[in-house]
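Before we start, here is the structure in question, set down as C-alpha cells.
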Amino acid sequence: MEVSSFFFYFFSALMLTFGVLTVTTKQLFRSAIYLLFTLINIAALYFMLNFEFIAAVQVVVYVGGIVVLILFSLFLTQQAGVHMTRPSLQQVLSASSISLAGFGFVWWLIVNADFHAMPGEISPSNYQVAQVGRQMLSFGRDGYILPFEAVSILLLAALVGCVAIAYKQPKSEL
Amino acid sequence: MDFSLTIWILILPLATFLITGLLGNKFPKKISGILGTLSIGVAALLALNIAYNYFFISGKIDEVYQTITPLKYSWLSFSPTLSIDMGIILDPISVMMLVVVTFVSFMVHLYSFSYMKDEPRYHIFFSFLSLFSFSMLGLVVASNIFQMYIFWELVGVSSFLLIGFYYDKPSAVAASKKAFIVTRFADLGFLIGILLLSFYSESLDFQTIIERLSSPDSSFLHSATAASFIGASAMTWALCLIFIGGAGKSAMFPLHIWLPDAMEGPTPVSALIHAATMVVAGVFLVARLFPLYHLIPTAQHLVMYVGAFSALFAAVIACTQTDIKRILAFSTMSQIGYMMFALGVSGYGGEEGLGYTASMFHLFTHAMFKALLFLGAGAVIHHVHSNELSAMGGMRKQMPVTNILFLLACLAISGVPPLSGFFSKEEILTAAFNGNKMIYGVGILTAGLTAFYMFRLYYSIFWNKPQEHHANGHHKEADASMLIALGVLGIGTVAAGFIPFTNYITSDGELFESEFHLNLAMIAVAAGLLGIAIATAFYLKKNSRSDKFAAATGGLLRYARNKFYIDEIYLFVTKKIIFNLLSAPAAWIDKNIVDRTMVLSGEVTSMVSDEIKTMQSGKVYDYVIYFFLGVIALSVLAVFY
Amino acid sequence: MNVIELISVFAPETILSAMLVILLLVKIFGENVSRNVLLMIISFFFLVTAVVTLMLLPQGSLFGGMFVTGSFIGIEKAILLLATFIISLLAFEWLSNYKNYLEFYMLLICILIGMFIMISAGHFLSFYLGLEMATIPLAALAAFDVEKPKSGEAGMKLILSSAFSSGILLMGISFMYGTCGSLYFDEVRTMFTGNTLQIAGFAFLVAGFAFKISVVPFHFWTADVYEGSPIAVTAFLSVVSKGAAVFIFLGALYKVFGTISGTWIYLLAILAVATMIIGNLFAIRQDNIKRFLAFSSITQAGYILIGIVSGTMQGSASVVYFILVYLFSNLAAFTVVAVISDKTGKESITDYNGLYKTNPKLSMVMMLALFSLAGIPPTAGFFGKWFLLASGMSTGMMALILIASLNLVVSLYYYLRVVKAMFVDENDKPIAYIQSSSPAKLSLIVCSAAIVLTGFFSFIYQYIYSFSFGIQ
Amino acid sequence: MEISLHHYLFVSTALFFIGVYGFFTRRNMISMLIAIELILNSVNINFIAFNNFLFPQKLEGLFFTLFIITIAAAEAAVAIAIIISVYRRFKSINAENIDSMKF
Amino acid sequence: MNLNILLVIPLLTLAALFAVQDAVKVRWISFAGMTVQLVASIVLLFAYLAERNAGITSQLLFESSTLWYDSWNIQYHIGVDGIAIAMILLTSVVMVSGILISWNIQTRVKEFYILLILLGLGAYGFFIANDLFTMFLFFELAVIPKYLLIAIWGSGKKEFNAMKLVLILMFGSSLVLAGVLGTSYEAGVMSGKPSWDMIAIGAMNIPFHAQQILFPMLFVGFAVLSAMFPFHTWAPDGHSSAPTAGSMFLAGISMKLGGYGCLRVATYLFPEAARFYSPYIVALATIGIFYGAFVTLRQKDIKMMNAYSSVSHCGFVLLGIGMLTQTAMTGAVLQMVSHGVMTALFFGVIGMVYERTHTRMSNELGGLLKVMPFIGTCFLLAGLTSLGLPGLSGFVAEMTVFVGAWQVNELFYRTATVLACMSIVVTAVYILRASGFSMMGPVKNPEYSALPDATWNEKLAAAILIIPIVLIGSAPFWLSDMINSSMANWMTKLLTLAH
C-alpha cells in the first residue's frame, strides 16, 4: 500500500467515524467537537489532493468560524451540558434505512456513471493561490467577480439580518 | 257558397272566450251571458246554413258527397313531409257534427243563462263554455290528425275547467282531476298512434293518411303492415292505440271511471260536454278513420267488443244507481257503446256500411234526447237542490212541462216509435244483426235494460211518492229561457228520427236507401216495452217489489251498485303501485343514493383532507424526511422512466 | 469592458445595490429622516426601478457568461419589482410602527439582487449564489417579527429546510459538474448526454427548484412559514420568491435541460398533479387566512407546472403572464389581510364573518382577488389559468388537463368559503370599520384594476409572448 | 491500489448520508445545523475530487467549494441568530417542541 | 345590427347601478336597462328575419370578429342564428320578469340586482359567442354569481345548497374547460394552429378517436347544467333555496345554457361521436324524464315539485338532442324556450305565493284561487303549460320532440320515446295534484283569506312571461321555422351521417 493510499484510508476512516459520532453522540457539546474533527480530516483530504488553499480555508472558516459559532450558540442557549434524548428505535431504524437506501441508490448511480476526464496539468499549489486570486477578480470567462461581489452583499445581509433578529432590544425601544 | 265562412263558426266562440274571460268582470255579468249565447246562436245559424249548402246545394258531385277543405294554414312544420296544418275539412260527418255541437251548445247557453244566474263567476262560466264550444268545433272540422289531437286536448281541458267550476268543493276538484288524468292517459295512446300512423304514411293530413294507407297496393300500407311488434303489425298497433284515445274520451270500459264523477260539474255542462258532444268525440274519431279501421279486423273487433261490453256494463250499473245525474251518465256511456259497436260491426261502402251510418245517426239523435234529459234533470235538481232520487218523487204536478219533455226523452231513449231513438237504434240493431249475432243479442238486452232504468228514473222523479215533499206545492217550473231550451230540444227529440240519414252520411260518401226491417224493429221495441213494464211495476207507486228483486239477485246487485269496484281497482293501482311502488322509491333513491353520492364525494374529500393532515405535523424534521423521500422518488422515476 | 455597457446591462442590479448602500448610510447617519417619507420614497423607488427595467430591457452577457440577461428576463425582473412595490405599499402600515424598517428593506433589496442574479444566471455558481441570497435573508425576514414566537418558528423552519434543500441541490450540481466538466449553462447544455448520474443530478436540482416553488412533496415548509411570517414577508414569499424561482426554473429547463425534455415533462406532470391535489386537500380545512393562502399558492404552483410542462413559447409566456396575474390577485388578498391584521390582529377566516356589512370595499376587493385566484371570469386569473392549461394541452396529455380542471372545482370550494364568510355569514361582533392607510388603498386600487382589466388587454400577453422562448 | 475518484466519491456519499441520518434523528436544532454542515462538506469533497481527478485544467470545483464554505458560514450565522431568537420565545431549541403551527 | 349592444346595455346598467345607492333608483334603473335590452332583442329578431328574408343564408348573421389574443388565435367572434335569437329573447323576457318579481327585496337591493344582471350578461355573451374562449368566459360568468344570490337572499339550507349547486355546476364547467382545450388542441393538430372558432373547427374533420374522448366531456359538462341524470341533484335543492328571481334565472336561462352548449358545441363539433354516443344520451335523458317525473310526484313542496319537474322537462331537451334528427333537435330548442318561460312563470308565481303565505307546502295551502284570482290563474296557466296543453308553448315543444324522436325507427329509440310520452301523463298528475291542493278546494287557513292579490309589478312580470307562452303556443310557426332552418344550417354534417 502506498503512503498516500494509507493516508487516504486513514483520514477517511477517521472522518467517517467522527462523522458518525457527530450525529450519534448524546451530548451536544461533544457533537460539536466531533464535527470539528471531521472537518479537520476533510481538510486533510484536501491537502492530499493538493488543494492546500481550500484546506486552509476549510480550517480557517469552518473550524475557526462556524464551529466556534456553533459552540457559542450552545452556550448562549444553555445546551452545553445537556444530554439529548436518544432517538427511539423506530426513528433510528427508519432514518437509517432511508439513509442507507439513499446511499445505495446514489452509489449505484456513481458506479454506473461514466466520467469523462479532461486531462491536464494539476497546477502547482504555489501557483494555484495566485491564480485563484486573479480569477476571483476577473471579468472574463472563468472570472468570479460577480459571485465575489454578490457574496459580499449576502454577507452584509446576513450581518444585518442577524443583528435585527438576535439583537435583544431593551423593552423601552419596542 | 263559400265554405271558408266556416272559420267564423270557430272564431265567434273563441272571441267570446277571450272577451268574457279577460274583460268579463269589467261589465255587468248578464252581458257575458248575452254575448256568449248570441255568438253561439249566430254560429249555430251559420252551421245550419253551411249544412244546408253542403247537403243540398254544393256538396254533392255525382251523387257522392265530397270532402272539401276550404281553409288550410301551415301551423307548425316538423319536417318537409310532416306538419301540423290548421285547416277545416267539410264532409258529411263533420258538417253534421257542426250542427249538433252548435245547436246543443246554443241550447245549453240559453239554458244556463238563467240556470247559472246566481253564480258570482258567471262570466267565467260562459267564457269556459265558449272555450269548450270553440275546441269542440275545432275538433270536428280538423283536417289534420294533429290538429284533432290539439283540439282533443283543448276539449279535455275545458271539460276539466268546467267540471271543476265549483273549485272550492273538494269533490269537484277531485272529479275534474280524475277526468283530466284518465283522458290524458288515454290520449297517450292517441298520441303514439298518431306518431305511428304519421311515420308510415309520412303525413299528418287525414285525407293523405287515409289515401295512402287504405289503398291495398300502396307501398305505405305495405310497410305499415309489414313492420310488427309483439305479434301485431304497426298498423294494428296504431289503430288500437288511437282507439284507446277515443275510448278514453268516450268513457268506454275500462276508461269510463271519470264520467260518473264528472257529474260534479254544473248540469248544463254535463248536458253539453258529458252527454251530447265531447264524449262522442271518440266515436267521431273512429268514424273519421273508419276506412283504416275497416282494413284491420283486429282493430275493428276491438272497437266492437269494447263498445258492446260497455253498453251492457253501463246499463247494468245504471239500473242500480240512485244519483240522478250518475244514472244519466251511465246511460250516456251505454248509448256511446251502441255507437261504438255499430262502427265495429259495420262494413265499408254502400249498404255494407249501414253500421257506420247508424252510429252517426244515433250520435245525432242521442245528442238531442240526452241533452234534453240532462237539462230536464237540471231543472229538477235546481228545484229540489239534490241529486238523490230519494229526495224526489211526485213532481209531475209541480213541473208539468218538464215532466212531459222528460217523458218524451225517456221514450226516445227506450226506442219507442216514432221518437228519434227508435229509428237510430233500430238501424244499429239491424247492422248488428247483419254483422254479429252475439253483439245483436247484447244490443237487445241493453235496450231492455235501458228502458228499465230510464223509467225507473222517470217514475222515481215524477211519480212514486205523493206530493208531500215540497209542502208549498205551487208550480215551481223553470225559467223561460230554460224552458225554451228544453222545448227546442224536445222538438229535436221527436223530429230527428225522421231524417233519412243514409241519404246524407255513409261510410264512403255514396248514398243509399235504408230498408226498414219490421221483424227486427218489433223485437227491439218489445224489449224496450218489457223494460218499461217492469219499471212501471216496480216504481210507479212506492212498493217493495224492487227490494225483493234486489234480494233475489243477491251479490250481483251489490257489485253493480258499487260499479263493479272499477274505481277501487284504479285507486289501488295509482295509490299503491304508482305512488308507493314507483314514486316513493324513486324519491328515496334520489335523496339517498343519487344526491347522497354527490354530497358524499364532497364529504370524502374533506375526510381525506382530515386524514392526511398529520403529514403537516409542524415538525421540521418530518418535513425534511418527506422532502428527502420525494427527492429519492423523483430521481428514481427520472432514472428509470 | 465598457463601463456604460456594463451598467446598462446590469442596470436593475446596479440601482438596487446603490439603494442598498444609501439605506445603509441612512441607517447609520440619518437618524432624523421622516420615517413615512422615507418609506414612501423606498416604495416608489421599486416602481421606478421596475419602469426603468421595463424601458431598458437590457440585453447581453456579462462576466464571461456568468450573467446573461435578455428582454424576457427583463420583463420578469420588472414583474418582481412591481410586486415588491405593491408589497412595500401593503407593508407601509406595519413598517411605520416597526423599529427595524430599514433593515427590512435592506434585506429585501439584497434578496431582490440575489433573485436577479439567479434569474440571469449563466453559471451554476451565480445561480446557487443568487438562490442563497434569496433564501438566507428571507429566513431572517420570516423571523423578523421578534415579538411573535410564530415568526421565529417560521424563520427556523425556513432556514433549516432550505439548508437541507440546498444541500440536495448542491449534490445535484456536483453531479452535473462531475459529468459535464463545466458549470456554465451553455457548456452543460452541450455536454448533457443523459446518463443516469446526470439525470439523477438533474432530479436533485429539480427538487431544489421545487422547494422554492412549493411543489408537493417539497412544500411542507410553506404553510408554516407563511402563517408565522409577518404579512409583508408572506406576501413576498408567495409572490416574489415563488415567481423568481419559477422564472429560473423555466429558463433552466428550457435552455439548459431542453435536450432531456422527454424526461422532465412527465416528471413535472406527476408533480403538478400531486401538487394540485395535495394543495387543495389541505386548503379546504384551513382556518387561518395566511395558512389558507399558503395552500392556495401551493395549488397555484401546480398549475404553473402545467404551463412549464408544455415546453413551448406559449408555455413560457403563459407562465410569466400567470405570475403577473397571480401577483395582483394574491397581493390584493394579502393587502386586505394586512389591513385587517394591522388594525385588529385577526387572521382567521371565521373572524371575517360579516365583513361585508362593515367593510364592503375590502370585502369586494378580497372577493375579486379570490375569484381571480380561483380562475373565475372575467378576472385576470381566468385568462392566466386558461393560457396555462391551454399550453399544457399542447403536450396532448388530456388526463393532466382534466385533473387540473377538476381541481379547479375543489379550489373554488375553499375560495367560496372565504367569500361566504365575508358576505353570507352572520357575526355578532364583526370587525369594525377600518380606515385603511393611503398606501394600502393605492395597493388595493392598483390590484383591483389590474385584476379586472389585465385579461381584456391582450397586448400584455402578446408583449410577453413576443419575447418568450420554447425548449431550445 | 491507486486512490481513484470513486474512493473519494464513496467517502463523500457516505458523509452525505451520515449528515442526512443525523438530520433525521436529531431533534436539537443546533444538532440539525451540524448535520447540515456535514452534508455541505460532503458536497465540497465531491467538487474538489471532480476538479482534481477529471477537470484539473480549470478551477471551477475549487471556486464552488470556496463559495459554498462562505455561504455555509452566512447560513449558519443566520440560522444561529434565528435559533437564539426562537430560544428566547420558546425557552427550548428542541424542534419537537416548536410546532405551534401545524396541519 | 351590432350585437355588442346586447352586452353594452347590461354593462351600462351595471355601471349605473354601481353609481347609485337608493333602492328605488336601483330598481328602476335595472328595470329600465333590462327593458331596453328586451326591446333590443325584439329588434334583433326582426332584423334577423329581415336579413333571412332578403336571402342571406350564411350560418351566422351580424357576425363580427376581432382578433383578441393572436398568438392563441383567440378571437372575439360573435354572431347569431335563429337558435341564438330564440335564446336571447328568452333571456330578455326572463330577466325583465325576474327584475319585476324581485321588486320587494329589502336587503342589499343593489347587490342583488347587480348579481342578477351579471348573470344575464353572462347568458347574453354565451349565446352570441362563437369562439370557444369567449363562450366559456361568459359561460362561467353565468354560474358563479348564483352562489351569492342563493346564499345571501335564499331560504332554508341556503348556504349548503348554494355550495352544492355551484360545485356541481362547476364540475360540469370543468369538464367543458378540459373539453374545449382538447378541442382546440385537436384543431391545432389538424390545422397547425390552435383554433377556437366553432365554425372553423366544425369544418375540420377531427378524427373519430379524438371525438370519442372530447364529446363526452363537452356534452356531460354542459348537460350537468341542464340537470342531466345523475347530475341533477343540484337542481331541486338549489331551486328550493334560491330567491325567486334566482330560481327563475336558474331554471329559465341557466339550464338552457347547458342545452345550448350540448347542441351547439358538443354535437355540432363532433357529429360522428354524437352519433356514437346517441344511445347513451337517449338512455340518460329518458331516465331523467321518467324518473324525474316520478320523483316529482312525491314532492309536497311546490317549489321542489317545480324543480324536479324541470329535471324531467329538461330531459326532453337532451332527448331531442340525443335523437339527432333535425326535427327532434328543433324540438329540443323549442323546449328550451318553452320551458324557460314556463318555469320562470311557475317559479315567479310560487314566489308570490310564498311571499304571502310563507309556506310552500301544498297541503298547507289551499283555495288560493279564490283569494288571489290573478296569482291562482297564473299558477294554473303555468301548470297547464307544463303539462303540455295545446295553445300554450309546452305542447309545441314536446310534440316536436316526439315527432322528431319517432323518426328514428329503432326499437330502443322508440321505447325511449314512448316512455317520454308517458311522462306527460305523470306530469298531468303532479301538476293537477299540486294545483288541486294549493289553488283549489276550500281555503284551509283562515289567515289566508285576507291575503292581497298580485301587485302591479307582479302582474306585469307574469304578463311578460305569459305573452310568449301564448304566442308560441298559438302560433309556433315563426319560432319553429326560424329554429328549424338554422338547425338545418348547422347540422348539415350531422344529418348526412346515417342513423
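Residue numbering begins at 1 within each chain, and the chains themselves are lettered A, B, C, D and E in the order written.
Everything below uses one rule, namely that contacts are C-beta pairs under 8 Å (C-beta built on N, C-alpha and C of every residue); 3 or more make two chains touch, one makes a residue touch a chain.
Quick caveat, the model's predicted, so the values are computed rather than measured.
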| item | value |
| --- | --- |
| Each chain counted as touching chain A and chain C at once | B, D |
| Remotest chain, chain A as reference, centres from CA atoms | B |
| Remotest chain, chain C as reference, centres from CA atoms | B |
| Centre-most chain [mean C-alpha coordinates] | E |
| Among all chain pairs, the one with the most C-beta contacts | A-D |
| Centre-to-centre distance between chain E and chain B (centres being mean Cα positions), rounded to whole Å | 37 |
| Distance between the centres, which are taken as Cα means, of chain D and chain B, whole angstrom | 96 |
| Geometric centre distance via CA averages, chain B-chain A, whole Å | 102 |
| Chain centre separation (chain C, chain E; CA means) in Å | 42 |
| Set of chain A residues in contact with two or more other chains | 95, 98, 102, 106, 109-110, 115-116, 118, 142, 144, 147, 151, 154, 158, 161-162, 165 |
| Contacts with two or more other chains, residues of chain D listed in rising order | 16, 19-20, 23-24, 26-27, 32-33, 51, 54-55, 58, 60, 63, 67, 71, 74-75, 78, 81-83, 85, 88, 95, 98-103 |
| Contacts with 2+ other chains: residues of chain B | 602, 613, 616, 618, 620, 624-625, 628-629, 635, 639 |
| Which chain pairs touch, all of them | A-B, A-C, A-D, B-C, B-D, B-E, C-D, C-E |
| Chain B-touching residues of chain E, taken from the complex the two chains share | 164, 167-168, 229-234, 237, 291, 294-295, 297-299, 326-327, 330, 367, 369-370, 384, 387-391, 395-396, 399-400, 402-404, 406-407, 409, 411, 417-418, 421-422, 424-425, 428-429, 432-433, 436, 439-443, 475-477, 480-481, 484 |
| Residues of chain B defined as touching chain C within the complex | 602, 605-606, 608-610, 612-613, 615-616, 618, 620, 622-624, 626-631, 633-635, 637-639, 641 |
| Contact footprint of chain A on chain B as seen in their complex | 625, 628-629, 632, 635-636, 639 |
| Residue ranges of chain B touching chain D (in the complex, touch as defined) | 613-614, 616-621, 624-625, 628 |
| Chain D contact footprint on chain A (complex, rising order) | 1-2, 4-5, 8, 12, 15-16, 19-20, 22-24, 28, 31-32, 35, 38-39, 42, 45-46, 49-51, 53-54, 57-58, 61-62, 65-66, 69-70, 72-74, 76-77, 79, 84-85, 87, 91-92, 94-96, 98-100, 102-103, 106-107, 110-111, 115-123, 128, 131-132, 135-136, 142, 144, 147, 151, 154-155, 158-159, 161-162, 165-166, 168 |
